[in-house]
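Each of the next two complexes has chain A plus one other chain: chain B in the first, chain C in the second.
Here is the complex of A and B:
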C-alpha cells in the first residue's frame, strides 16, 4: 500500500469516527450526570431525517445541521422530563425513542417525498468538504467539542456539579445544587450532539436518508462510552481507533493476498476486536458514575 | 355466582342449537330443491374475476420491486379484463393474515406475493387453501401444486452489465472493475458469477474491436450489510482508489453509498458525469444519480407477475394441467434486462405519478442520461445487445474455457462453487 492510500484511509477515517465520537461524548456528559440515554440510535435517525428535510427545503446544509442538533436537543428535553422530573425508567424512555424513530422515519420519508425507503438530496444541500484536505468541517468541530467537553467536565464549576450529581446527588442537593436542572442540561447536551451526529451522517458524509441510515452507530457510541471510561478524550481516541479499523477493513477486503487467508466475516469484526483488545490492554476496568441510571428521589 | 354463570351458558348453548337446527334445515331444504336455477345450468366452475397483489413492507412507491409488480398486474388486469386488488403489508406479521383473508374469500384467480420475505407465509396459506392459486416473486416453493415460484436469472443480466463494465473500463483506460455486495448469502453468488463471466467476455470483445489486450483486475467486496450506505461508500472509495472505474451495486440500500462515492470522485476530478460509473440493480436506478449510473441490471418483476396471471388463466381454462412449480425468467423470457432509455422514462413516469420526481426534472434527467450514454462509443452498447441475443440462443458461448451454460447448470451455487468460478475467471478468490 502506497502513501496515497494511507492518506486516503486517514481521510475516510475522519468521516467514520465523527458520528460515533459526537454521540459518545454527548452520552458521556449525560451519564456523568447520572442519566442514561440509550435512545442515541433513534435520535441519530430522526435528526438525519430532519436534516435532509431542512437542508433540501432551504437549500442550506448548515441549517440542516442546526435542525438535526435542535431536534436532538428537543428529544433530550423529553427524555429529561421523563427521567429527571417524573423519575421514570430511563431505559424504557430511551427504548421508546429508538422505536419511535424506526416507525416515524420510514413514514416521514413516504409522507414528504412520496417514495418508500430512501431519498437523496441535491448537491447544494450537502455540507461542503474543506478544500484541499477534503475533510468535513464537522470533524474539526468534533475534535474541538471533545477537548472543550473534557475541559468543562474536569476544570469548571459546572463540570464539578455534573459529576457530583452523577456520583452522589444527595450530597449535591444538600449543598444547594439543583440536581434535576443539572441533569437536564447534561441530557439535552448529550442528545443535541447525537442529533448533530445524525445530521452529519445524512447530509455531510452521505447525501441521503434511508429508513435505517444510522445502522447501529448509536449503539456503538454507547459502547464507546464504556470503553472510554467516561473520558471525552479517550472517546475521541477510541472513535479514531474504531474508525480506522472500520475503514481499513474495506481496503483490506480487496487485497487478493488478504482475501485468500482472512475470512470476510473476521474482517467485518476487526473494528470490534481491535477496540476490545486496546481496552483490555490499556484501560482495564472502567468505572461508571456511582448513581447512574437511577432517578434521584428526595427522602 | 357459579350456578348463575352455568345457567347463562346453558341458555346460550340452547339458543345456539336452535339457530343451528334452523340453519341446517334451511340448507337441507335449499339442497333438496336443487339450489338456484343458474348454477344448475353451468357445469364448469366460473373463472374468478379478480387478482390480488400483496406487497411486502417496502410497498408501493419504492420505484423498484413493488412498483414493477403493480405495473405487471395492471397490464394483466387490463388485458384479461380482471379486477386488480392491492394489499399493503405494514409489518412482517401482516403477511399471513393478509394472504389468509384473500384466500378465504375464494374470489381470486391468483394471489401474487411480492418478495422472498413472504415465502413462509405463502407456504402456509397455500397448504390451508389448496384450491387457491398463489405466485411468489423471488421466493422458492418448489413442491406445492398451487404455488408458482417466480425466479429470475440474475446471472444472465449480470453477465450483460459485466461485459458493459469491462468495455467501458477499457475504453477509459482503467485498470479495474468492481462489485460491492451486501451480506454474503448464496443468492448473491449468481450475480457474482454472471458479472465475472461478463467481464472476461467484454475484454475479449474489446480486443476484437480495438486490437488492444486488456486484463482488468476484478475487485469485490462483501460489506456485510444491506442497510448501511456509509459502508457502501467506504467500500467503493477503496475500490476506486485501486483503479476501478465501474462498480456494480448488489447491496440494497448500502448501494446508495456506491452512487455517492462514484459521483464524489467524478466531481472531485471536475467532471459532471462518469467515469467512474456505478451500475444499478433490480430496478432502473439510472435516475438516482443521473450521469453516474451507466446502466442497471433490471429484474423485470412486471414480466414475472404478468406471466403468472396468464398462467393461472391458462390453468383455469384447462390449457395447461399443472400450475405450480418453478418459473425461471431470463433474457429470453424478458425477465432480466439491461436498462434502456425507455425504461428510464417508465420509471420517471412512476416517480411523477407518486410525486417523487417533479415534471420539470424529468427532461433534465433524461437529457443527462442520454448524454452519458452517447459519450460511450455506440459499438459498446451494440455489443452488449449482441451478447443478450447470444445468451438467448447459444448459452454454450465460452470465455477462458468456461461456458456460460456451465455456470447456469451449477445454480444454485454454494460457496465452493463460486470459489471455483472465481478461480477459473481469474478473480481473486476468498
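Here is the complex of A and C:
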C-alpha cells in the first residue's frame, strides 16, 4: 500500500469518526452528571433531517448545522424535563425519541420533498470541505470541542459540579449545588452535540437523508463512551479506532481480490462486529459515574 | 390489599390512556404542520382498522397484531429480568431466515412448518443468547449489543436474499415457503392467518412461564433486585441469559410467522421491507401493555390497528404511512413520565383555580 492510499484512508476516517466522537463527547458530559440518554440515534436522525431542510431553504449549510444543533438541544430539554425534573424513566424516554425519529423522518421526507425514503442534498446546501486537505471543517471543530470539553470537565468549577452531581447528588445538594439544573445543562449539551453530529451526517459527509442514515451510530457512540472511560480525549482517539472500521469496510469493497470472496452486504457488518468485540473486551476496565441513570430524589 | 392493588391497576390504566391521547394529540399537531388534515387522517385510520364492522379491516388489524405480539414478549420478558432487550428486530430477521432456509430444502410437505418453527426459533434464541451472554457474564450494555446485533442480522439476511436464496421467478425476494408449509388463512381475501392463534398461545405461555414456573420466578426476582435474588439462592446471570433466550425464541417465531403466514409473498422481500420495524413496534406494544403478557394482547391489537389503518390514512388523507410510527414514539415518551395523571390533575386544578 502506497503512502497516498494511507493518507486517503486517514482522510476518510476523519469523516467516519466525526459523528461518533461528537455524540460520544456529548454523552460523556451527560453521563458524568448522572443522566443517560440512549436517544442519541434518534436525535442524530431528526437533526440530520432538519439540517437538510434548513440548509436547502436558506441555501446556507452553516445555518443547517446550527438548526441540527438547536433541534438536538431542544430534544435535550424534553429529555431533561422527563429525567431530571419529573424523575421519569431515562431509558424509556430515550427509546421514545429513537422510535419517534424512525417515524417522523420518513414522514418528513415525503411531506417536504414528495419522494419516498431518499432525498439527495443539493450542492449549494452542502458544507464545503477545507481546501487542500479536503477534510470537513466540522472535524476540526470536533477536535476543538474534545479538548475544550476535557478542560471544562477537569479544570473548571462547573466541571467539578457536573462530576459531583453524577457521583454523589446528595452531597452536591447539601453544599448548595442545584442538582437538576446542572443535570439539565449537561443533558442539553450532550443532545446538542448529537444534533450537530446528525447535521454533519446529512449535509456534510453523506449528502443525503434516509431513515437509515444514522445506521446505529448513536449506539456506537454509547459504546465509545464506555470504551473511552468517560474521558473526552480518549473518546477522540477511540473514535478514530471505531471510525476506521467504517472506512475499512468501504475500502475492502473496492479491492477486487476481496470483492471476489466476501460479498458487499457482509462487509457492511464490519463496524458492528468490531464494536461488539471492542466493548466485550474492554468492559470492566472502565468505571461509570456512581449515580448514573437513576433520578435524584430528595429524602 | 386486593382493593389497593385494583386501584393501582386502574390508575396505571388511566395513565396509559392519557399517554395514548397525548400521542394522538401531539402527532396531530405535527401532521397539521406538515400540511395535512389530522381529523380526516385519524378518522380514516381508525375507521379502517378498529372502529369498524368491516370484517376485512378487522382481519387485517389482527394480522398485523400477530408479529408485534411476539416481539412484545421479547421486550417484556427482558424488562421482567431487569434488562432492556431491544434486539427483537434482529432476532426476528434471523427467525425469518431460518424459515426461508427450511423453505429452500426439498422435504415431505408436512415437515416444512414444524421444521421452520424449530429452526427459526432456534436462530432467534441463538441471536438473543449472544447479547445475553455478553450482558450476564461480560457486563456489556444490552442496549448497545442488541442494536449492533440488529444491524449484523440485517446485512446477513440481506446477503442471503441477494446471493444465497434469491427467488428464481422474482429476484426482489427470497425463495417462498412452499404451499404445504404455509399457515392456513383464517379469512379468505385477507392476510389473517393462523399466525395470530400462535401469537396468542405463545403470549399465554409466556404468562404461565413468568408467574407459574420456577424459572419465571427467578427471572422476576432478578429483575426486582439481583442482589437479593442471589442472596435467596438464585443465579441472576443465568436468569438474565434465559430471559434473552426466551425473548429470542418469541422474536424468532415472529419472523417464522411472517414467512409461513403472510400472503402474498411467503418470503423475505428487498431490504427486508416486509419485516422492517416489527421488532421495534413490539417495544411500544409491551410498554402500552404494562410489560405484562395479558396487557400485551389488547395492546398488540391497538398497535396492529395503527399499522393496518395507516394504509387507509394514506389513501384518504394523503398522510405518509410512517406517521403511525411517530405516534408510537410520542406515546412512549409520554409513558416515560411517571405519575402523568397526577401531574395533569394538579396542573389543571391550578389552571382552573
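As a convention for this text, the second predicted complex is superposed on the first by the 264 of 299 C-alpha atoms of A that agree within 3 Å, B and C clash if a C-alpha of one lies under 4 Å from a C-alpha of the other, contacts with A are read in each partner's own complex, and residues count from 1 in each chain.
Note that a residue touches a chain if its C-beta (ideal position, glycine included) is under 8 Å from a C-beta of that chain, and two chains touch if they have at least 3 such contacts.
None of these values were measured; they are calculated from a predicted model.
K.L.:
Identify the partner contact of A:134: answer first if only chain B is touched, second if only chain C is, both if each is, neither if none is.
P.N.:
The first partner, chain B, only.
K.L.:
Residues of chain A touched by chain B versus by chain C: which partner has the larger set?
P.N.:
C
K.L.:
In the superposed arrangement, does A:206 touch chain B (first), chain C (second), both or neither?
P.N.:
Touch status of A:206: first partner only.
K.L.:
What is the contact status of A:104 with respect to chain B (first) and chain C (second): first, second, both, or neither?
P.N.:
A:104: touches chain C, not chain B.
K.L.:
After superposition on the shared chain, which partner residues are touched by A:215: those of chain B (first), chain C (second), both, or neither?
P.N.:
both
K.L.:
Once chain A of both complexes is superposed, is A:12 in touch with chain B (first), chain C (second), both, or neither?
P.N.:
The first partner, chain B, only.
K.L.:
Is A:223 in contact with chain B, with chain C, with both, or with neither (first, second, both, neither)?
P.N.:
After superposing on A, A:223 lies in contact with chain C but is clear of chain B.
K.L.:
Give one of first, second, both or neither to describe whether A:265 is in contact with chain B, with chain C, with both, or with none.
P.N.:
Both: A:265 reaches chain B and chain C.
K.L.:
Based on the A-chain superposition described above, do chain B and chain C contact any of the same residues on chain A, and if so which?
P.N.:
Touching chain B and chain C on chain A: residues 110, 116, 211, 215, 263, 265, 268.
K.L.:
Give every residue of chain C touching chain A within the complex, in rising order.
P.N.:
The contact residues of chain C facing chain A are 30, 34-36, 84, 86, 134, 138-141, 143-145, 147-152, 155-156, 158-159, 162-163, 277, 280, 283-284, 287, 319-320, 322-339, 343.
K.L.:
Under the stated contact criterion, what part of chain A meets chain B in this complex?
P.N.:
On the chain A side, the touching residues are 4-5, 8, 12, 15-16, 110, 113-118, 120, 123, 134, 201, 205-208, 210-213, 215, 246-247, 250-251, 253-254, 256, 259-260, 263-265, 268.
K.L.:
Where on chain B does chain A make contact in their complex?
P.N.:
Against chain A, chain B makes touches at 58-63, 66, 178, 184, 219-225, 227-231, 233-235, 237-239, 241-242, 253, 256-257, 259-260, 267-268, 288-289, 351, 354-356, 428-430.
K.L.:
Using the touch definition from the top, list the residues of chain A that touch chain C in their complex.
P.N.:
38, 41-42, 78, 82, 86-93, 95-108, 110-111, 116, 211, 215-216, 219-220, 222-223, 226, 263, 265-266, 268-269, 272-273, 275-276, 279-280, 283-284
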